[in-house]
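Which chain is which? They are A, B, C and D, in the order written, and residues in each are numbered from 1.
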């Protein structure tokens, strides 16, 4: 539900994103979520470079994706993003995609990202500075789930 | 576990599949699974064209993906594929990816495909002919899960 | 040179667009040009649907691309687009890519698109309505090259 | 013409490679050429890792692509590859794509790759060892063009 989210980022579907069924190829939703994830961090004031500097590189560890209805070429998609839970070394993201201006859910994902050291690739604790920034954006709901 | 599968298809990781972390970008695993899915049906004697003719077009409805360890450029990936369950209008696929010749699981997915009418896009019953072909390949285990 | 162009469209480089060299994979520039091409037609008041309706579906027949300098993750690219020449059944596009706010050319392409009938895929004459719209945007320079 | 080539590599078109026109999206040909380029070097006994070790990292500097006829889902494409010319710091590749077992040219490209130092990204001389390996595969024709 859109109202659960404080942030969204819009993406227009590219011709190259479609396949011969005339709809967006399924793998491209992970690209859309990745873009929206990047923009969520930019909203927090964090570029990828700054995240590396605060030792908060991340990798996607697990995702669940529901394909409710197809997106098509030239559609403007609103990608809603929120952090549902902050773990010791992980961030649980929730994503939902709606056609611009509509309330019908097209696609949804729940994705677990793990903070890693970009050199050793081992998991690291979510930095306190990152916890603060996320909590500030999301309000008090993050750690209660 | 490789021994649960009757079929696998090998894919070599392309340079274009990697990202600046030096590993395969997460969305590309859905492409790998899609390719292996196509080859699974070819193993059954079914091209996409034949599937359309038997009114068995499909769409991906839901997927869960576990990213256990990254794949890298030039790796040869063994993509294992099996149908875990045949529902009324759906096929539940299980996929696992291993580095060629190794037993360490890199990536795994459970994906629900729904049979649709390619014109109306409404769900249709899994054709009996398709049920037979799958059961023949998989043995007796398909409908018991 | 930016000043030769009446139109540009900005694209931010996605993580998925990069490869293990840490730069944008070469094939993705054709996607960027395709997006900018779509936006050029939108600037003319034409969606893809409207182009189909005026019997002006197109295919890319030939392209020459110069890779002057690499683009990187998170860069904002200004994609400049103009029609350099309108032939009987073809449109010659010129594209140039600059980092936002900079004058150093990163990438350039000259691409020949051919108008086709979307059913027969045979080449068709560039519709007069399209010629007018392009000439209006570009000014008097289009047919002189 | 196939007979000009000593090497080819086959690629089957993936569902994800197609677009809503039902044909391979133009940018994907650069991916196909990149894969075939990698396999050409493997034929020479060179993995990307070995090329880095012989200080022969490369970047694509320029390409010209002719889109003669579209490739479609599930087509098996024969990607022919040869080095047409070895310059001081560059390799000129010629690529041609045919449907498996047919003589009709679908796509062709001429691509200039420049050897670079992978740290400084500055152009370097084509290593003698690489010149020898290529000349051995191609025969006496390489330096005459």
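Criterion: contacts are C-beta pairs under 8 Å (C-beta built on N, C-alpha and C of every residue); 3 or more make two chains touch, one makes a residue touch a chain.
Everything quoted here is computed from the prediction, not taken from an experiment.
Undergrad: Which contact partners do subunit A and subunit B have in common?
TA: C, D
Undergrad: To bring subunit B onto subunit C by a C-alpha fit, how many degrees must it turn, rounded to the nearest 5?
TA: 180
Undergrad: Would you identify the chain whose Cα-based centre sits farthest away from the centre of subunit B?
TA: Farthest from subunit B by mean C-alpha position: C.
Undergrad: Taking each chain's centre as the mean position of its Cα atoms, how many Å separate subunit A from subunit D?
TA: Chain centres of subunit A and subunit D, defined by C-alpha means, are spaced 36 Å apart.
Undergrad: Find the geometric centre of each of subunit C and subunit D from their Cα atoms only, then give the gap between the two centres in Å, rounded to an integer.
TA: Using C-alpha averages as centres, the distance is 25 Å.
Undergrad: State, to the nearest whole Å, the distance from the C-alpha centre of subunit B to the C-alpha centre of subunit D.
TA: Going by mean C-alpha positions, subunit B sits 30 Å from subunit D.
Undergrad: Quick one: which residues in subunit D touch 2 or more of the other chains?
TA: 15-16, 25, 27, 31, 34, 73
Undergrad: Quick one: in the complex, what on subunit C touches subunit D?
TA: 21, 25-31, 34, 57, 59-67, 70
Undergrad: What residues on subunit C touch subunit B, complex-wise?
TA: The contact residues of subunit C facing subunit B are 15-16, 18-20, 22-23, 25, 27, 73.
Undergrad: Can you tell me which positions in subunit B touch subunit D when the two form their complex?
TA: Touching subunit D: residues 14-16, 31, 34-35, 38, 47-48, 73-74 of subunit B.
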